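Have a look at these structures, which come just after this line.
Okay, so subunit A shows up in both of these, paired with subunit B first and subunit C after.
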Partner chain A sequence: MIRPHRTHALWLAFILHRLSGIGLALFLPVHFYMLSLALTDPDQLDGFLAFTDLLLVKCAEFGLVFLLAVHMFGGLRLMALEFLPWSPRQKSYAATAVALAFFVSTGFFLQAV
Partner chain B sequence: MDKTEAFLDVSIWREQNGDGHFETYQVPRRANQTILDVVAWVQQQADPTLSYRFACRVGMCGSCAMMVNGAPRWTCRTHVLKVAEGASLEIAPLRNLPVIKDLVVDMDPFFDKWVAADAVFAPSQTRDDPMAPITPDDTMRIAADDAIECINCAVCYAACDVVAANPDYLGPAALNRSWSLVNDSRDAGQAERLQAVSAVGGCHNCHSQQGCAKFCPNELNPTLSISGLKRATAKSLLRWGR
Partner chain C sequence: MLTLRLYFAQRLTALIMAPLTLGHLAVMIYAVQGGLSVAEILARTQGSVAWFLFYGGFVVAVAVHAAIGLRVVVSEWLGVRGIALSVFSLVVLATLLLLGGRAVWAVTFAGGGL
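Then we have the complex of A and B:
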């Protein structure tokens, strides 16, 4: 359960940014390892690429693209907060970052299936 | 809350010599009852050994902040009706500060950080010089205005997860005060202040969770002030510290 002093939109935006960052940090080494198979073991890479055609994997990729997009848009929000003149619309910007991330990841998913 | 309930179930944190637990009291409901009224009733009618801190009762002195149902509040201006869950209240000492006894916390770490943030005015003139002319529409004056109504209640300090995670972090209130001085054109200590607020535990530790702004009883926005300090220290870096 989220403790009462954290139950507000911008803390949720913070935790989403943090968790998406951790998720991407865990994903990227695996991603680079799989890419390296193109040089070291092309047959294994082809097998893996066939595996990624499964619908379940596409759903997982939707999640990955969402994490990437929400971290990117959330990062832009934080850079704007820190380097541009203050705006009182912080909650709107956080909501926009999530909406754009859904738009991008859903667009990817529709194209992938 | 059900207004027909005759009593409130109030859990209050009792602690002495580092040994703490919640104790429950039945407190009669009153019209327009504040959390401080509830604590005062317990101390006066149920258990005179209960320790808590208050002074003005009107939201000016910043003495009576406590955690109420898990969120930091100024208790003298917080109505029971607005924060009670059903007929129950949980009242605890402010988070992120050491407990002295029951609901009383040691504010020293909080104020030590005001000093560490160089949140002290450094005069550039003497009393013999003429008054510095600062007009109300001055840009720096307007920026300072947004930060000067702090009552030092430490609600923002208790709301902040960065303070909880990093004991060196100066915290929202101290940094907010420094920002008001960065915007004081009469102040002569700006270079030292920017160094103090950008050192270990300084403004760049802030994760912009904005709990400070959410819970500040005077509706100040320390995150705005901290982002101003981040910009000021970044500009100072580009000027090689000048």
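Then we have the complex of A and C:
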């Protein structure tokens, strides 16, 4: 059974922020390692960049861009919640963060394919 | 006291990264058009003090931010405490600083652009 607080929109906002943060933190070392191949093995990096042309990889990149955008917009919402006077529109802000992240990552995807 | 300082460091790095992230998203959407190549990336970044500062600052901020964020997660979800928690945070910080710094160096000044 799902515990009651876990059906609340702001709990979903919390868990989305946390999971996107963990995902980004796991992705970063790989991202940094691949970029440093520009120095140590440019041919391998070019090979990898060609691999990113695959549609499946583009879809994964869409996911990564979404994680980055939703973590940023969600983080701004969180700081507004902490530092600005309380507003009853917190659920709307959380929904807006997800919508903006979807908008940005879709924009990326459309340019990428 | 440490927790309070980490809390503010987490918020400060978040505020620093908000505009940097928007910039990074814009660069990604622009750069990904027509596919990516090493030559294309280096043509944009090599020898550029501005990109070095932009991404160098980004790496420092994200290393601090991620180390504190993961510290909270392993503390709350895995129950890690004390010295082990501090060692974990410092390893995350050092790893991201090292790998990130190397990546920024690789695409800016490593090729003798400075």
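Note that in this section the second predicted complex is superposed on the first by the 111 of 113 C-alpha atoms of A that agree within 3 Å, B and C clash if a C-alpha of one lies under 4 Å from a C-alpha of the other, contacts with A are read in each partner's own complex, and residues count from 1 in each chain.
One rule holds in what follows: a contact is a pair of C-beta atoms (placed from the backbone, for glycine too) under 8 Å apart; a residue touches a chain by one contact, two chains touch by 3 or more.
The structure displayed is predicted, hence computed values, not measured ones.
Q: Should the pairing of subunit B and subunit C on subunit A count as a clash or a fit in the superposition?
A: fit
Q: Check whether A:L24 is in contact with subunit B, with subunit C, with both or with neither, and answer first, second, both or neither.
A: Touch status of A:L24: second partner only.
Q: Which holds for A:F14: it touches subunit B only (first), subunit C only (second), both, or neither?
A: Once the two structures are laid over each other on A, A:F14 reaches subunit B alone.
Q: Once the structures are superposed on A, label A:R3 by its partner contacts, choosing first (subunit B), second (subunit C), both or neither.
A: It touches subunit B, and subunit C stays clear.
Q: Look at A:L49 in the shared chain and tell me whether it touches subunit B only, subunit C only, both, or neither; answer first, second, both or neither.
A: second
Q: Now for A:L81: first (subunit B), second (subunit C), both, or neither, which partner does it touch?
A: A:L81: touches subunit B, not subunit C.
Q: Centred on subunit A, what angle do subunit B and subunit C make, from Cα centres, as a multiple of 10°?
A: So the C-alpha centres give an angle of 100 degrees.
Q: Thinking of the overlay built on chain A, is A:L100 touched by subunit B (first), by subunit C (second), by both, or by neither?
A: Neither: A:L100 stays clear of subunit B and subunit C.
Q: Examine A:Q90 and indicate which partner it touches, taking first as subunit B and second as subunit C; both and neither are also allowed.
A: A:Q90 contacts subunit B only, not subunit C.
Q: Tell me which partner touches more residues of subunit A in the superposed arrangement, subunit B or subunit C.
A: C
Q: Just to confirm the geometry: in the superposition, how small does the C-alpha gap between subunit B and subunit C get, in angstrom?
A: In this superposition, no C-alpha atom of subunit B lies closer than 5 Å to one of subunit C.
Q: Kindly list the residues of subunit A that each of subunit B and subunit C touches, one partner per complex.
A: Looking at subunit A, the two contact sets intersect at 82-83.
Q: Under the definition above, what is the set of subunit A residues touching subunit C in their complex?
A: Answer in residue numbers: 18, 21-22, 24-25, 28-29, 31-33, 35-40, 42, 45-46, 49-50, 52-53, 61, 65, 68-69, 72, 75-76, 79, 82-83, 104, 107-108, 111-112.
Q: Given the complex with subunit A, which residues does subunit B contribute to the contact?
A: For this pair, the touching residues of subunit B are 67, 69-72, 95, 158-159, 161, 207-211, 214-215, 221, 223-224, 227-228, 230-231, 234.
Q: Spell out the part of subunit C that touches subunit A in their complex, as residue ranges.
A: Residues in contact with subunit A: 11, 14-15, 17-18, 21-22, 24-25, 28-30, 32-33, 35-38, 41-42, 59, 62, 66, 69-70, 73, 92, 95-96, 99-100, 102-103, 105-107, 110-111.
Q: Which residues of subunit A touch subunit B once you look at their complex with the stated criterion?
A: Touching subunit B from subunit A are residues 3-6, 8, 10-11, 14, 78, 81-83, 86, 90.
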